[in-house]
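After this come two complexes, each holding subunit A, first together with subunit B and then together with subunit C.
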Partner chain A sequence: MVVNTGLYAFNVTCAYRQIIPTIDSIYGDATPPKTPADFEIKVASPSFARRFFRPQVSFYCDQHSPFKPLPLAQAYALLEWGMNWCIATHDHTQLLIHAAVLVKNNQAIIFPAVPGSGKSTLTAFMAMSGWSLYSDEMAIINLDSGLVSPLYRPICLKNDSIDLVKEWFPDSIFTSTWKDTHKGDVAHLKASSWKEYIQCKPTEIVAIVFPKFVANSELKIYSLNQLQAFETLSKNAFNYGVLGNLGFNVIDKIIKRAALFEIEFGKLGEVEAFLLEDIIE
Partner chain B sequence: MNKYRLHPKASNAVMDDESGIALYSECSGRSAFLKNQHQKLAIEMVSNKLLDTFSSIDMQSWLNIDNEELYKLENWLVENKFIVKHS
Partner chain C sequence: MSQFTNQQLANFLTKPESAIDLPLELWAKLILIFRESKLLASFYHVSKAKKCYELYPKYARKHLYAAFIHAQRQNAQVLFESENVRVLLAKIDVEPIFLKGANYILRESENSRGRIVSDIDVLVKKEDLDKVEWTLKSALWQSEKLSDYDEKYYRKWAHEIPPLFHLLRETVLDVHHNFYLPVSGRSPNVALLVSNVETSKSGCLVLGNAESVLHSIIHLFMNEDFTNAFRDLFDIHLLIKQYESYDFWKNLEVLAEKTKFQKELYYCLILLMKIFGSQEPPILANLNLRYKTLRRDFFINTILFNSLTPKHSLLNNYLNSTSRFLIFIRGHWLKMPIHILIAHLAIKSYKGTLEFFFGKYFLDEK
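Take a look at the complex of A and B:
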């Protein structure tokens, strides 16, 4: 089957039929791509014995398997992580930053963050509250224009945030929860439809916000200077080292156009109010 | 006193908000982020002088660092092909 994420298409071979309904629930409404798939990927057992004895699955891109095998129950999560890996390690025609991207009124805000910073919970909240979801994982930035492009992918939520988001948005579409992965419990949220996705166009980045969740904290906003933002953004880029000068120049362009903040937050509503009042026109 | 100029394969980006200067060396693949300590004056000096030559004393003044730090920084910038000694 072909999974169309908009910018990239994956030809997926699954040795286990069990994950096909999940793939279908997340990507099934996307139209088939008009070009051949960019990646040939497979989720299959690493060995004959592992089909039966404590069943495991491995992710393959062509013949290469970049990760250790995982329990069969985590096959879908492995597929999603594998797709991230394919993009991050192969597309060097654009700058790829580990960041969420949300858009309002044709203005993009990117949220680069380290794991545990609350990025995905924030992304889920905003995407389900009327913002356009461009990505939960990766800001894909054109090297010439500095515009950020949308990617049709779900949001990967972990641990407590899964139940929280389910409680806030009871009608939301979730995959099952994959228990005890190396990231804890994981579930994927379909936060936009293909119909919504195709309305999204490459967009100007108006702000870069580095979020940090601190339980029960009131919203604290710190201005970042351009040099701090440059350094942090380059460290969050997957392919900055590969792009060399091109990556350097596009980061320079972005940070000089965008508002730059670091925020500490405990309540998601306060973050949204700040973004709407102080950044989005 | 050592005199330097930017390495021919190094790029520089002076920050508009005068927070400093970012350098990228195509030879070493490394980036350097030099924080400005003397606000506008230093930025003007950096942006003008980097195109030409500058001395250790210029660098010390821009970055407000002591002799030991300056010595380490000079060596690091030279080793990683951000700057070259100007004869």
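Take a look at the complex of A and C:
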């Protein structure tokens, strides 16, 4: 089956029929791509015995499996991570930063962050509160224009945030929760429809905000200088090392135009209020 | 049914204009095959050189361009690392000679454009090996922990020491003291191949033209692993196209004779004509007289030819998987005397069987 994420199409072969309904619930409303798939991917058993004996699944990109196998129950999460891997290791025509991207009034804010920073929870909250979701995982930035493009993917929620987001938005589409992955418990949330996605166009980045969740904290805002932002941004880029000076030039362009902040937050509503008041025009 | 024949794949590389009208479904397959055979970025360069890249569909261009960026980065990395290694070893008065991918990139040959390099290969004198290894290891180059068996394989039988990798940059460095395994009894006299070294722009030593080609031929046709063989043959095609002259052919012929790799040279020339449509080289007539037999023609046209097909599920069939298996056996046969070979295959196949049943990570240390 073909999974269309907008910018990239994946031809997915599943040895396990169980995950097909999940794929359909997340990507089923996308129209088929006009060109052939960009990646041939497969989720299948790593060896003969592993079909029966403590069943495992491996992710394959064309002829190879880049990661170690996971327990069968985590097949869908593995598929999503594998798709990220395909993009991050192949598309060197754009700068790819590990970051969430949200857009309001044609202005994009990117949130580069390390795991555990509350990025995905923040993304889910904002995507459900009227912001356009461009990505939960990857800012895809044009090397010439510096504009960020949208990707049609779900949000990957982890641990406590799964129940929290379910509580806030009970009518949304969630996958099952996959227990005890290397990231803890994981569930995916479909936070936008294909109809909404195709309205999203490449957009100028007006701010870079490095979020950090601190339980019960008041909102604290720190202004960053360009050097600090450059360092953190390049460290969070998947392909900065491959792009070399191309990556340097586009990051340089972005940080000179965007507002640069680091925030510590305990309440999501306060973050949104700050962004709407001080950044979005 | 295979999607493309060897000749068709070669034709896209030598006449990239023939891909202009390719339907998108075939483009998708061609991209997968060329990416897997490490030829996608080379394909970008040949299509650019023939001015047909711009005429390709956007779908193809984005994949080719991404491969080009990746290869360009590797190219810069090789220049950087080779310079580092040269300066480091100069301190102990050793001048390493760069081989294979690093050689091509340093000499800026046609085939270096878009060439993917998985490691950097250098050759040093056998008597310098200990101090070279020691110097590299005190400068952040380390080796993986190997099993006792693999360690013995390298130290006792191989023409190189266990691969080194740079702790910070993860570049892999292979340090050789010969061009082929001494245990085989066929390793050439190193002096014959290094008598003609050249100096690259950055001051690194590389083999001469004919020596570079002969080493590529030895590496390809003595190997048991044909995974990158199609790319390796394309390398040789471009090298010969760029360097051929009366003197070049004469040197190559003499060199092959002195090092006793004439038969491999013969294989290579026949296959270049058959697959890449090269013109008949002036030295072929002599080689024909000595090496052309029905049995050998069958070996070249069936076993070698089918093994050369890129290893990809779109091209795999019974014929090329059987041929590759025979080449695997032959490669080992050439490498080692029979008593060592039997023990070697027994140990390797025991591990292979376990991994077949329990997955390839089964033997990893936890």
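Criterion: the second predicted complex is superposed on the first by the 281 of 281 C-alpha atoms of A that agree within 3 Å, B and C clash if a C-alpha of one lies under 4 Å from a C-alpha of the other, contacts with A are read in each partner's own complex, and residues count from 1 in each chain.
In this text, a contact is a pair of C-beta atoms (placed from the backbone, for glycine too) under 8 Å apart; a residue touches a chain by one contact, two chains touch by 3 or more.
Every value quoted in this text rests on a predicted model; they were computed, and no experiment measured them.
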Fit-or-clash call for subunit B and subunit C when the two complexes are aligned on subunit A: fit
Please indicate which partner A:G244 is in contact with in the superposed arrangement: first for subunit B, second for subunit C, both, or neither. both
Given the touch rule stated above, what does A:A215 touch, subunit B (first), subunit C (second), both, or neither? neither
Classify the contacts of A:K256 with the two partner chains as first (subunit B alone), second (subunit C alone), both, or neither. first
Which partner reaches more residues of subunit A, subunit B or subunit C? C
Please indicate which partner A:H92 is in contact with in the superposed arrangement: first for subunit B, second for subunit C, both, or neither. second
Looking at A:Q228 after the superposition, I want to know if it touches subunit B, subunit C, both of them or none. Which is it: first, second, both, neither? first
What's the minimum Cα gap, in whole angstrom, linking subunit B and subunit C in the superposed view? 6
For subunit A, what residues appear in both contact lists, the one with subunit B and the one with subunit C? 241, 244
Would you mind writing out the residues of subunit A in touch with subunit C in their complex? 35-38, 40, 46-50, 56, 58, 62-63, 68-69, 90-93, 241-244, 246
Which part of subunit C faces subunit A closely enough to touch in the complex? 24-25, 27-28, 32, 35-36, 57, 59, 62-63, 65-67, 69-70, 73, 76, 311-313, 355-361
Subunit B residues within the subunit A interface of the complex: 11, 13, 15-17, 19-22, 24, 26, 29, 31, 33, 35-36
Which positions of subunit A touch subunit B when the two form their complex? 225-228, 230-231, 234, 240-241, 244-245, 248-249, 252, 255-256
